[in-house]
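Single-structure report; data block below.
First chain written, first letter: the chains are A, B, C and D, and each begins at residue 1.
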Amino acid sequence: MGRLDSVGVSVSYAQVLGWVKAFASTVAENREYLTRLDSAIGDADHGTNIDRGMKAAVAKLDGLEGDDIGALLKTVGMTLVSTVGGAGGPLYGTLFLQMGVATAGKSELAPDDWAAALAAAVNGVQMRGKAEPGDKTMIDALIPARDALSSALAEGASFDDALVRSAQAAEEGMQATIPLVAKKGRASYLGERSAGHQDPGATSSHLLIKTAAEAWSGDD
Amino acid sequence: MGRLDSVGVSVSYAQVLGWVKAFASTVAENREYLTRLDSAIGDADHGTNIDRGMKAAVAKLDGLEGDDIGALLKTVGMTLVSTVGGAGGPLYGTLFLQMGVATAGKSELAPDDWAAALAAAVNGVQMRGKAEPGDKTMIDALIPARDALSSALAEGASFDDALVRSAQAAEEGMQATIPLVAKKGRASYLGERSAGHQDPGATSSHLLIKTAAEAWSGDD
Amino acid sequence: MKKLINRPEDVVTEAIQGMAAAHPDLLKVNFGPNYVYRADAPVQGKVALVSGGGSGHEPMHGGFVGMGMLDAACPGEVFTSPTPDQMIEATKAVDGGAGVLHIVKNYTGDVMNFDMAAELARGEGIDVEAVVIDDDVAVQDSLYTAGRRGVGTTVLAEKICGAAAEEKQSLQQVADLCRKVNENGRSMGMALTSCIVPTAGTPTFELGADEMEIGIGIHGEPGRERRKLAPASEIVESLATPVIEDIPFEEGDEVLAFVNSMGGTPTIELYVVFNELHKLLEDRGIKITRNLIGPYITSLEMAGCSITLLKLDDDLTRLWDAPVHTPGLRWAA
Amino acid sequence: MKKLINRPEDVVTEAIQGMAAAHPDLLKVNFGPNYVYRADAPVQGKVALVSGGGSGHEPMHGGFVGMGMLDAACPGEVFTSPTPDQMIEATKAVDGGAGVLHIVKNYTGDVMNFDMAAELARGEGIDVEAVVIDDDVAVQDSLYTAGRRGVGTTVLAEKICGAAAEEKQSLQQVADLCRKVNENGRSMGMALTSCIVPTAGTPTFELGADEMEIGIGIHGEPGRERRKLAPASEIVESLATPVIEDIPFEEGDEVLAFVNSMGGTPTIELYVVFNELHKLLEDRGIKITRNLIGPYITSLEMAGCSITLLKLDDDLTRLWDAPVHTPGLRWAA
């Protein structure tokens, strides 16, 4: 996606599709890593789960017609719900479904549309999982990402910059999960022993935000 | 047993009792060793089995009255049969039982009595187990011991020397089991793989003959 | 990784194919979405029981499908809860018009997926009730956490509620009974070794030759505490005491004692454990009137055990004794 | 050594104490000499079945004591056959006047001890028949060796002969039936790991992380051959082929397929194995009409499996289906 349809303006259907595919391949590359993180405080399947789901989602998308970004994202969400299972399935499924609802009918996303989609996604994940910031979950990467994005845009930053700051915030949020004692999910069964490990879901969520910034950055 | 009742003459009830106790403690010392040999080509219990049996036998003997060597040896045999199990139990049980039959009523064993007892013992073990020389069993230590003893005595050797030559023959027979492919017992299930390992039963039988020579040797 | 499997990705599919091949008289298997269901389903006028969860706990749940226990089970990937569409399809396949009970083990993933499924099934006009089992005393309970895990009591609840359903009890009655079993059952488990998730290929956690994990779950999660190896008597003490004191179980109580293998622990050791448990409960005046000993809710090849106690009354005892005929549990039939 | 035990020397005693505590309705236990026997023994006018062997194979044999199977079992030390006095006392305790059948696995120790016991029991006027089971095709048979081991077919023989005895068949008939089962059953086993004899404390043999033993017995003896680890499909092929070709089993035959865990292999893997076996037999036109899948004749905590095939006819099928109620095997009762 060259300079022409740069995100200074907005993100096209093709770019959203590009992002979803980029996320799928990043997850595939980081599959063992995510599963290893899940071994330490979970049950050693997070990488396998999300990878299985994103592969299925990408396969579904190839058959998809039209340029409705909402339909695209809903398809990803539905596929994740029906192929992933575990906690990751409903959570990432809801994330994409809510993004789909927020972007229904759109063939382009202006920066504010993306901010609204991300906000809706975070909202949905919290409704589903009831996790609060600091519970050592994907929420700890997603909320900072959402807030950094909207404040950057409010400060008049370019979409590029806003996306980068959003990704940085997600990364910091992910790293901040290391010392936390988990309150939600499997890791909470470990009690104090969950501290000192990075949360796998926060890690995959950081990858999600990071790939958006990379896929949509103007300079390439 | 000092010089006085030296075996130049014969072996007393007390000396037979001493031999049985000496065998029991030698087995106890070599318990792990015998079991390790049995791990290689069997089921890792030969040392444990014979040790359990000889401990029980010694306990029984403490309660025994009189000076009938036959009764003493039969008691050892019966106790082994009822406490050891496995192949070792019936085989060593029969060995001592047959020695007991051969020495019934005797309170002293002349060299020829011992030779007869050992012959009867070997006979019993073969009747029970149907093993031939070269089958990689205790028979491979016992038959050379029996033959070396009788030929030594026939050549007019002293009982001391005869016992030593008998023990040496048992040792050679034991070592000769190493290259053999087992035809009897658990080791036979390994087929060719049983070659290259010393037979545990031949090893315990060598200890049996060796302790007799040591317990009855004149010089101590 | 030493397992009797082909490709790690195919373990779950091939295992349920094996079940279908082995037990055509008891169950059928549907693939895409995957679920195991009673050969004679739907049983008209009977409340249907549907459970499910990650695979790796065999015989639970698929091995408990049959007369007197489950009508359907949804097997997820190893240690990964199944998906809502498996649950919806299974629910539809076994609904005999008297409603469907979802028996759910309390794990975030299981609960969220079953929630979605129940919402959708109700949307299609099926009367669905869900009961969440959370009996693991190793986990400190709290409103702000995921709460306790569902473990051994699940097996007992599936058997007892299955019997009640065969008696044609109503959905409400069977659901209340399931809650009653959950309230009266408590469990705790331990591990001597970790297990290996096939697709991961390496042990989920590392344990020293002289170490054990106390308070583990059934997904290879490390436990609450790592300790030096101890004799069976001490291990039973540290599992049974928190279990007993949680409800609490008291002098004069009659209980079902369930000694479960985590998968790699053989029967001879389970009886040594049961012997210790029996002595311990006798000392406290608690009477074991029923027992279950064996590998029923496992964690792949993990060596270790769990102890579950269920407080019995005449009703629960009668339902426990009632006929059951499944691949994993069978008597009086 | 990681086991749920107390002192290694006490494992066998404590395990049978646990059995006595768990199953008073089914069996009683005598100590010194040790044997497990039916709670309602002697059953007048019924041929009594007595078996036994080293411990470490649980549930075999003690777990098979009860209605429709064994009248008594003599547990030896781990992997060490019991002693004649155990067998004599057990034989006397269960003799109901119709004679006693000794079911003996073909191991030098077991055979010699049971021989001694039978001689003595006959001396006391009890009608004793002994049948030796030797079904392990991994061992080359020969007049000059100890012959084949008795393995999986023993479980099937105890069940089928137990049913015949309940039908009040004569000692001669039950003994002939036992020989018939032995002639029609063949087995072969493999190991992914060694086991640890409690009193030894270390693995009986060492296996590399990528190695397996083919043609093992049930006492931790190494097998006939060490191979690189392989997929379940290949393992099943190398176990089932020699089994099939030995009798041989032929197109059109109806068989009971018994997939057994050596102790440490969990149920999920057994079903993957059964799935492969089912496909393999189908290709050869051999029909599995009955099956048994689980840990029934184990080798302590060894990981691995064995496959047993038994050629069935109507008579054997009927007796297999007959009611049985023991701790280890139960149906239709």
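Observations on the structure shown:
Just so it is clear, a residue touches a chain if its C-beta (ideal position, glycine included) is under 8 Å from a C-beta of that chain, and two chains touch if they have at least 3 such contacts.
As the structure is a computational prediction, the values presented were derived from the model and not from experiment.
Which two chains touch most often is answered by the contact tally, and the pair is C-D. Averaging C-alpha coordinates per chain places the centre of chain A 77 Å away from that of chain B. In terms of their C-alpha centroids, the spacing between chain B and chain D amounts to 33 Å. We define each chain's centre as the mean of its Cα atoms; on that basis chain C and chain D are separated by 29 Å.
None of the residues of chain C touches two or more other chains. Among the residues of chain A, none is found touching two or more other chains. The touch graph of these protein chains is an open line.
Shown are all chain pairs that touch, namely A-C, B-D, C-D. Interface residues of chain B, counted against chain D in their complex, comprise 35, 39-45, 48-49, 52, 81-91, 128-129, 183-186, 188-191, 193.
By the touch criterion stated above, chain C contacts chain A in their complex at residues 33, 54, 76-85, 107-109, 112-113, 115-116, 138-140, 144-146, 149, 197, 199-200, 202, 204-205, 217, 219-222, 224. Within the complex formed with chain D, the residues of chain C that make contact are 2-7, 11, 14-19, 21-22, 55-56, 58-59, 63, 192-193, 209, 212, 229, 231-233, 235, 263-276, 278, 288, 291, 293, 295, 298, 300-301, 303-305, 325, 327-328, 330-333.
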